Structure formats: structure tokens, C-alpha cells
Amino acid sequence: MEAVLEAFLSHYNYGMAIILMMIGLYALIAKQNLVKKLIGLNIFQTAIFLFYISFADVEGGIAPIYLPEGMEAIYVNPLPHVLILTAIVVGVSVTAVGLSLIVRIYEEYGVIDEAGLLKMVKRR
Amino acid sequence: MIEHLPVLLVTVPIVAALLILLLGWHDSRFCYPLTLATILFQFAGGIALLIEVMREGTIHYYLGGWAPPLGIEFVIDTFNGYILPIVLLLALATAVYARRSVEKEIKPEKIVSFYVLFQLLVTGLVGMTITGDIFNLYVFLEISSIAAYTLIASSRKPRAYVAALNYLVLGSIAGGFVLLGIGNLYVATGTLNMADLARLLPASYGLATVHTAFLLLVIGFSIKVALFPLHLWLPDAYTEAPSAVTVLISTVMAKVSVYAMFRVIFSVFTTAYFVETVPVTELILFIAAVAIVAGAVLAIAQEDLKRMLAYSSVSQVGYIVFALGVANQIALEGGLLHILGHAVMKGCLFMVAGVIIYRLGTSSFSDLKGVAATMPVTCAAFALAGASMIGVPPTIGFASKYYLVLGALEAGHWVYAAVLLAGSLLAVGYIWRFIEVAYFSASSHHEGGDHHPAPGVREAPLSMLVPMVILSILCLVLGIFVDPLMKIVAPAVSLLLGGA
Amino acid sequence: MNVKALLAVLLIGVILFWAVGDMPAFGDPQSPATRYTGKLYVDLALQDVGVENIVTAILASYRGFDTLGETVVIFTAGISVALLLRRGGRL
Amino acid sequence: MVDVTGLLPAVTVVIPLLAAVMILVSGRHENIRDGFTVAAAVAMLVSVVAMLPSILSGERITISLIPLLPGGDLALRVDAFGMVFALTAAVLWLLNSFYSIGYMRSLKEHAQTRFFFCLAVAIAAAIGIAFSANLVTLLVFYEILTIITYPLVVHVETPEAMAAGRKYLAYLLIGGIFFLAAVILTYILTGTTGFVPGGFLAGSAPPLTLQILFVLFMVGFVKAAWMPLHGWLPAAMVAPTPVSAFLHAVAVVTAGVFGIVRIAGWVYGMDLLASLGLGTLLAVIASFTIITASLFALTEDNLKRRLAYSTVSQLSYILLGVSMLSIAGMTGAMAHIPIHAFLKITLFFVAGAVIVAAGRERISDMKGIGRKMPVTAVMFSAAAIGICGLPPLSGLISKVYLALGAVEGGVPILLIVLIASTVLNAAYFFPIIHTMLLGRPDDERSLDSVSEPPLTMLVPIVLTTVASVLIFFFPSMPFMDLVEIAIGEITGSVIP
């Protein structure tokens, strides 16, 4: 029991990220509303960012900016932060394109839910 | 110059994309020649790199001078040295082909941004091909994906928006999986450089983290290559996209995704992992076999040329993944050959579909009766590329099938070899749909002349015809001169099997 | 409630949770990533690049090419939105 | 056996291919286009005949074109047996060209350019099959032949023709897949696919594997139309008659039986076939086909369909000869290839001539037609007698050898099959002869508009018949000589 608790406490960061990912993925797949789908996509991506950032952490570490000379410190791993800066931009870009598409779909069909869209597409 | 060529292949087109935008803003007539010139430059560069690689061996290029694992490197070895010219050849052919079809299918005010995105898509794919850093691969993957989503939606059809959004959703899931997989690899090893990963991973082969990374990456790339049953985005996307875009994504983009899958599986995980540590080859073979059969059966059921070709792609991807499952020298040679062969023949076939849409405004089989009489060259190109798709000797499609079956039998996969052979029969089923409609659809008149042409329907314009005919002739030429080709393919396969 | 979606998501969740067991603990200074490249960057960034913010050093120099890619992504998205939403005009 | 390298085999294959391109280019000008067909046919015949002396002197002409795939380069080798097929095809293609031109023009058929283009490519493929030096090359040309004859089969483009075309394609392409599997398997077992006189498979695998492999080959050569895989051949009868003649005599079915003999003599070898018990299998298939197809022929009223079943039956003579696994049987089998081709093409030529000149396809409509087209009808009768194996026509030769083989091999039951078949042949041919020459039309006037076909059709009919007679009187010139050399090659002995 203690071991399980230990394992949980030392890994809960990943668990949280994964639960968020699952929530996001579920919304992405199951939601009918296209905008909600995109929100799901965003949650999914953000959860991945969280996952990256959390494994960058080092116990007792500080932000990876050098302290003045002579002061020793533990810095957290800087690389995941860099990667996630890039990934955030990608996520934003995809969201922008997705939303533009939804705008266009709404203009063409007058609906933004999947079932309604399916009907409209079939009718044409 | 030559030592900086790898980076120039990516940066020059990015600058060119900006130029296309700026000059195009001034006058949209600049866009096309500029795009063509850039891709021509890339193509020449790709060939030069291939020659260089064949002569000197693997090229490493450290971006900014930072050696891995700290910096990013471009690596050109025999494998991507082989893929790169294929990608750029098809991109070039599509660029030549695109002008007339774009004029007709894209609204004039969108042409500038169309060419910018076209250029960015190609560049993203080139970047994916030559990078040696797995996160960099992800960045380029997303560049090309975003460009592809929009290009698909750029046709005038409202349905294209839906198709593009579908693709966006699934593509983003794929992207997310790839990103997660990369994260897991990084957690396990602490590096992002592919060669470095291959060096460090064996120590962690037992970790669940590594297994999960493998699964996530394979699933992610499977979505991108549309491996059955993760192909759901593909038929709509291919069908609704403008013709030139369909050609580009069905050949170049599909092939680069396959390349990335092979690269990650062979050069990062290596055969030692996926053949011995986690024996998934049987599973891969099974999925590939199902893809081959299911894709072909679905293709046969279609009533529209473009959609039929889209499902055919689902089937053909199965052949390439099949090679992955067999994972011996000769089958992989067949697989790599099929990457080239399928790109060439499917490019040609989709070009034919595009030309038919250009002239007739439709690609539904019921409207194509006797079209061979009015568009003889187009239909001849289809017949030749179609024969290659079926695997009639001596086309390239036959050669790759021969190698694949030989490889499968050598590995003792009798049943799967039979499935491969049956798959090519199913290909007859769908290719023949068009052949019958175009050439032999019940002409009741038997007087001396040929079929009466429908009014207003003529042979395709020259700029569309030339790349199409060249590709179809390539199907035959590559098939006949397959032996010299193997001098490039065989080292590439040895490299894959030998690890990083 | 969409059962199929739920099952798919649960399956993915199981795979991901499975991996967690073998991951280094939260904040573990001995994790491979921190020990290997993380330490290299921290040790070398100042003398190599001369910037105090290590993230900046990596972003702009070590992995500057990723950042170029990132810029291209934004560029692509911008053009995409323009293509999709603009009416008329020359773009 | 001396192998010499020479360019002529390749030239022979390339000539009709070049002609095909020229036919496409000059499609608008009928006379020029058809001129190319004839010129190519003549050139090809010259080229084949030019190789004849050196083949007869025991040489083999080889040329390796390009390395193609593991297991075989694209390579040609002209040996005596290949020459038998090539010479038959070359001669008959020339005659068929004239005949086709006459036929197509008389009926004002559509899409003639496509027609002649496909014929030219098909003959190139047939020659390629005859000259193949290994299984891979054979496969390449075999598949080309399948694909390129499809447009010929569906030429009339009626729904019925399209259905027949699908059947044709289904049978032959599925067969092709089996052939491909067999080739690859052979390569895996032995590491080579090059033909070796006397075979090269012996000892390479357990008997069961080799037996399965042989079945793969047999299904692969579905072009030989053995029963029960014969369905495509009668279906393909919807094609214009020159196409039928081409399928039945010049190239397609001939390619099938040629392939089987090649496999028997140059891949397996007769000793291996005997030890595997495959001769019995072949004998059963062949006997069944010979008898059943003849019975089918009896029930057909459509002349072309009756001839089709006759072909099915006659082709199995060749299989029967192979199955005897004796020198005499093999000789009969090889000899029957050209002999049957010359006789059968005459019959089809006549069937087409009747369609052109009288517009009739049913035998029951042909009563008394011989009075208006006497030459045609007499030629038909002669060829039919030849198929039955009566002198003075060539059919007797192969039958004698086959009978000899049956006796020699100690399987008298095959002799009974031969005799029964001869009786059945007579039973389905003599009524036609009777109807044509002696029948009385129901309505005398209906024959008024009937006359002999145009000369471009009549002359080939006469020539093929004369050829069959000549073969009877001078069998060694050159076919039996070639067969003798071929037999010597695979058995190391000489015909008794």
C-alpha cells in the first residue's frame, strides 16, 4: 500500500497530464459541436505540454536563468521548455486554421454540429 | 555551396515563399514561375545530394555549427538520399501540372496564397525527409500538415471545408501522438537526435516508456499514411481537394509520411527492437494484408474515379507497410521500390482524374463513357499507369510486387504472399472500371469512324499533359531499368537493416 | 455518452498509464533527460552562447532551426487563415 | 548445342513493336496504317527465317537484353522448340494480317487502329514467349499478351462482349498470378529460372513441393484451355473472327501449350515428371478435356463456338503427348503445335469468310452455301478432315506419333482416347461439311447475294490449307527437323 502511495506521489504529475489528455481526446472524438471538438483538441495539446514541462522539473530547481557569478543553483531542464514553446505555436496555428474552417463551414451550411453537417452534406 | 546544400534546400524555399507572397501581392503572375523555379532548384539539389551520398557516403550537416545532441543536424544517407529525389520529382511534376488546373479550380484572389502554401508544403516535406532530429521532424510535419489542410480546403467546393476539417482533427491527433511519443523517448534517453537515440535506446528496451513511445509513434504515423483502419480522413480529403493538391498529397505527402514511419522504426528503434524485443511483425503483416484487401474492395465499390483512386491508395499503402512487416532485405527492397513506383503511378492516375475534371467537370464513372475517344493520350497514360498498378510486367508495379512476394516467401509467409498476389487481382477490379468505361462503353455505331466526341471536350492542355505522360512512361521505364535502380535501393535497405 | 469514443480513449489512457510506471519520479534529478542533455545545456550555454537565459540560448542558437520552423508554422497558419477567410483583395 | 550471341531474336520482337507505334501514329490514313502491319509481318517473317539455318544446324541464338529481376534477366534464346512456335506464329501472322485487313474493311469495323495496334503488340509478345530464355522473361511476355489481347476480345463493345472480356481477363490474370507464384517459387527453390534442356528442378525440393509447383504452373498456363479451366475460350468467341483466328492459332492458346511443354521439357524434365507421377495427372486432365470438349462441340450450332470447343479438345492432344513422357509422345506434342495451328486457322478463316460473305454464324443457316462459295467450303472440308487426322493433311502426322507414344509408353487406354476423339471429331465436323456442300437451303433465293469473300481473305484460306498439305508431304521441312533437334536437346537421343 505504501509502495503504491509512494509511486502515486512521485508520478502524479504524469497521471494528471494523462487524465487531461483523455478528457481532451474524448471531447475531440465524441463532441458533436465542431467548436467543442477544437476545444478538446486544445485540451489534448495542452495536456501534452504539461507532460513535457512536468518531466523537465528537477527537485529544488529554479528557472534556467543563470544566477550572478559565484552563486550555485540547481536549474530545471531547459530543453522541454524550448520544445514546448515551439509546440504551443503549432497548437495555436492548428487551432486558428481549424476555426477558420469552421467559420467557412458555418457560412456554407449554417450548422456547426457534426450530425447536422452530415445531413447537409448528403443533401447537396 | 555543396556543403551547405542541405540547409539551402529548406531555407531557400522559405525565403522564396516570402518572395512569392510579396511579389504576388504586386502581381499574381509572378507566383507560378517563382514556385516552379524554386522547386526546380530543390530538385536539382536533391539529385546532387543523392550523387554526393552515393559517392561519399552519409552527409551530416550541423545547423548553426552545433553538434548533436545539443544542436540539430541534417543527415542525408542512402535512404533519404533515395527518397528526396522522388519527393522532389513528383513535386516538380505537380508544379508543372498545377498552373492550368489552379487557374480553373481556385478563385483568382486566392492564387497567391495557394502558391505560397504549395511551396511551404513541399518545403515542410523536404525538411521532414532530411532532418536527423526527431523533434525537428515533428515541426516540419506540422508545417506540411497545416499547409495541406488549407490547400485541401482551397477548392471551390464547400465539401472541401468539411474534408479539410476532418483531416485537421485526425491529423492533429496524429501530431499529438507523435509529440507524445517523442516526449516518452526523451524521458527514457534524454536526447532528440535520431542517431543518438538509436545508440542510447538499447539500454532501455525493457522500459514500458519505450514501448509506449513506439506504439504512439507508429499509431501517429499510421494515421498520417492512412493505414487501414486509420484511413478515414483520406477518401474525402483526396476527393474534395483541388486536382493539383490531390496529386501532391497523394504522392509526395503520403510517401514522406511512410518515409518518416520507416525512419523512426528502423533508424531510431532498429530491427533489434521491433523484430526481436517486441515481435510485432506478425501484427504489422496482418494489418497490412487487411489494408491491401479492404482498400481494394472499397475502391471497387466506388462510383467516382477520384474517390476510387483514393481508396486504391489505402490499399497500396498496405504493400509498403507489408515490407515493414516482413523486414528482410528483399522485401524491403520491394517496399522502397513501391514507394517510388506508387508515387509515380498514383501521381499519374490522379493527374488523369484532374485532367478529366478539368475538361468534363466531373469524375463520376457514369459521365465518362467513351472519353478515350476524345482524350486518347490521357486515357493511354491511365492505361499504362493502371497496368503498373495491377502489376503487369515489365512495369515498376510488377517489379515491386515481385520483390515483395519473393521476400515474403523467403521469410516463409506463404499465406501473406498469396494475399499480396490476390491484392493485385483486386487492383484489376478497380482499374478496369475506368478502362471499360473510357474505352469500351457500348458504342452502338459501327461505321468506319471512331466514337463521336462529345461537344467541347478536347485533349488536355499541354502543360498538364506533359507531366502526366512523363510519369506514365516512367512507370514503364523504371520497370525495365529496375536493376540499375536497385543499386540505389539495395544500400538504402542495408542501411535500414543495419541500424542507424 | 459515446461508448466507442470512451473505449478508444480508455485504451489510450491505459497505454499511457502503463508507461508512467517506468518513468523517473517527478523532479528526479537523476532522470536521463536531466542528467544528459539537460546538464550539458546548463553547463555549456553561458560560455557557448553568452546569454544568461538558458532557454533563450537554446531557442535562439542551439535549436535555432526549430525556432525558424516555428516561425514558418505561424507564417503558414497566417497565410492559411487569409486564404480561408479573406474575400476579394489580392491575397 | 552451341550458343551463339546474335541480335536477330531481339530484332524480331522489336519489329512488330515498332510497327505498333507506327500504326498508332498513322492511324488516320488507313492504307499507310495497314501497310505498316503488312510490312512488319513480312519483316518479322524474314527475320525468323533468317535464323532458321543456324537453328537447324544445331545452334542456339542468345541475347541478354537487360538485367531485370532476381531470377532472370530479360533474355532471349532461340532454340529449336522456340523456333517451331515462332515460325508458326510468323507465317500465320502474315496471312492473318491480309485476312484481317480484308475482314475489317469489308465489315467497316470501328476502332481499326486500336485493333491493329493490339494485334502488333500481341504478336511481339507471342514471339517473345517463343524466344524466352528463362521463366521471368516468359512471364513478362505472357502477361503482356494477356492484357493486350483484351481490347481485341471486347472489340465489338456490346454488353455481351464486355462480359466475355471480363471472363477472359479473370481467367487469364488469375492464371498469371499462379504463374508468377510458380516462377518465384522456382527461383526460391533453385536460385535460377533459366531453361535447361532436361530440366533443372530435380532434387531441389521434396516431391510434394514439386507436385504443388507443377499444379501452379498448370493453372498458370490456363491459356492452354484445359478443362475445367477452358471457360474463357468459348466466351472469347464474341470477338471478330481474325481475333479468334489469332487466339486459336497464332498466339494465345499456342502460348499456353508452348509454356506447358517448355515446363515439362526444360524445367522439370521427363524423368522427374515420371518419378513425381505427374504424367498420370496430365494424362487424366488431357483425356478428360479431349473427350468432354468434343462432346460440347457436338451440341453447338454456332460455327465459331463449335470450333472453339474443337480447339479446347485439340490442345489437350499436346498435353496428352507430354503426359506419355516418351520420345514419340513428346514428338507428337511438339509437332501438333504448328500442325493444329495451320489447320485451325483455316477453319476460322472460313468461319469469318462466311460471316463477311453471307452474314451467317449458325451451322444450320449454312445449307448449300458451298455452291456459292465453293473454294471456301472445300478448304474448310479439307482442314476439317485434317483435324480428324486423315491423309493427305498434316493432322495425321502428330496423331501417328501420339498413337506410337501411347503404345510405346504401355498405356493403351490413351490409344482408346485418341480413337474415340477421332470418331468424335468426325462426328462434329462431317455434318458441317455435309451441310455446306450438299445441304439444300430452305429458301433458294437467300443464297443469291452470297459469293466468295474478297481475295485478301480467300488467298490466306487457300494458302493455309496448302501449307497443311505440304506439311504432310514434306514434314521435315522444317517443322519435324526442328522438333527432332528439340527432342534431342531434352532427351539426348534421336527420334526412332
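Per-chain numbering from 1; labels A, B, C and D assigned in written order.
Methods note: a contact is a pair of C-beta atoms (placed from the backbone, for glycine too) under 8 Å apart; a residue touches a chain by one contact, two chains touch by 3 or more.
All figures in this text were calculated on a predicted structure; none of them were measured in a lab.
Chain pairs A-C and B-D differ in how many C-beta pairs they share in contact, with the greater number at A-C. Centre-to-centre, using mean CA coordinates, subunit A is 11 Å away from subunit C.
If you average the CA atoms of subunit C and of subunit D, the two centres end up 69 Å from each other.
Averaged Cα coordinates give subunit B a centre that lies 44 Å from the centre of subunit D.
Each chain gets one centre point, the mean of its Cα atoms, and the points for subunit B and subunit C are 26 Å apart.
Contact of a single residue of subunit D with at least two other chains is seen at no position.
For subunit B, residues touching at least two other chains, in rising order: 135, 139, 142, 146, 149-150, 153, 180, 186-187, 192. Multi-chain contact residues of subunit C (touching two or more other chains) are listed as 16, 21, 23-24, 31, 33-34, 37-38, 41, 63, 66, 69-70, 73, 76-77, 80, 84.
Inter-chain contacts occur between A-B, A-C, B-C, B-D. Across the complex, subunit B meets subunit C through its residues 11, 14, 17-18, 21, 24-25, 28, 63-64, 66, 69-72, 109-110, 112-114, 116-117, 120, 123-124, 127, 135-136, 139-140, 142-143, 146-147, 149-150, 153-154, 180, 184, 186-192, 200, 204, 207-209, 211-213, 215-216. Here subunit B touches subunit D in the complex through residues 330, 387, 390, 392-394, 398-399, 401-403, 405-406, 409-410, 417-418, 421-422, 424-425, 428, 432, 436, 439-443, 445-451, 480-483, going by the rule given at the top. The residues of subunit A lying in touch with subunit C in their complex are 7, 10-15, 18-19, 21-22, 25-26, 29-30, 54-61, 64-66, 74-83, 85-86, 89-90, 92-94, 96-97, 100-101, 103-104. Contact residues on subunit A toward subunit B in their complex (touch as defined above): 21, 25, 28, 34, 37, 41, 44-45, 48, 51-52, 55, 79-80, 83, 86-87, 90, 93-94, 97-98, 101-102, 104-105, 108-109, 117, 121, 124.
Across the interface of their complex, subunit A is touched by residues 1-2, 5-6, 8-10, 12-13, 16-17, 20-21, 23-29, 31, 33-34, 37-38, 41-42, 45-46, 52-55, 57-59, 63, 66-67, 69-70, 73-74, 76-77, 80-81, 84-85 of subunit C.
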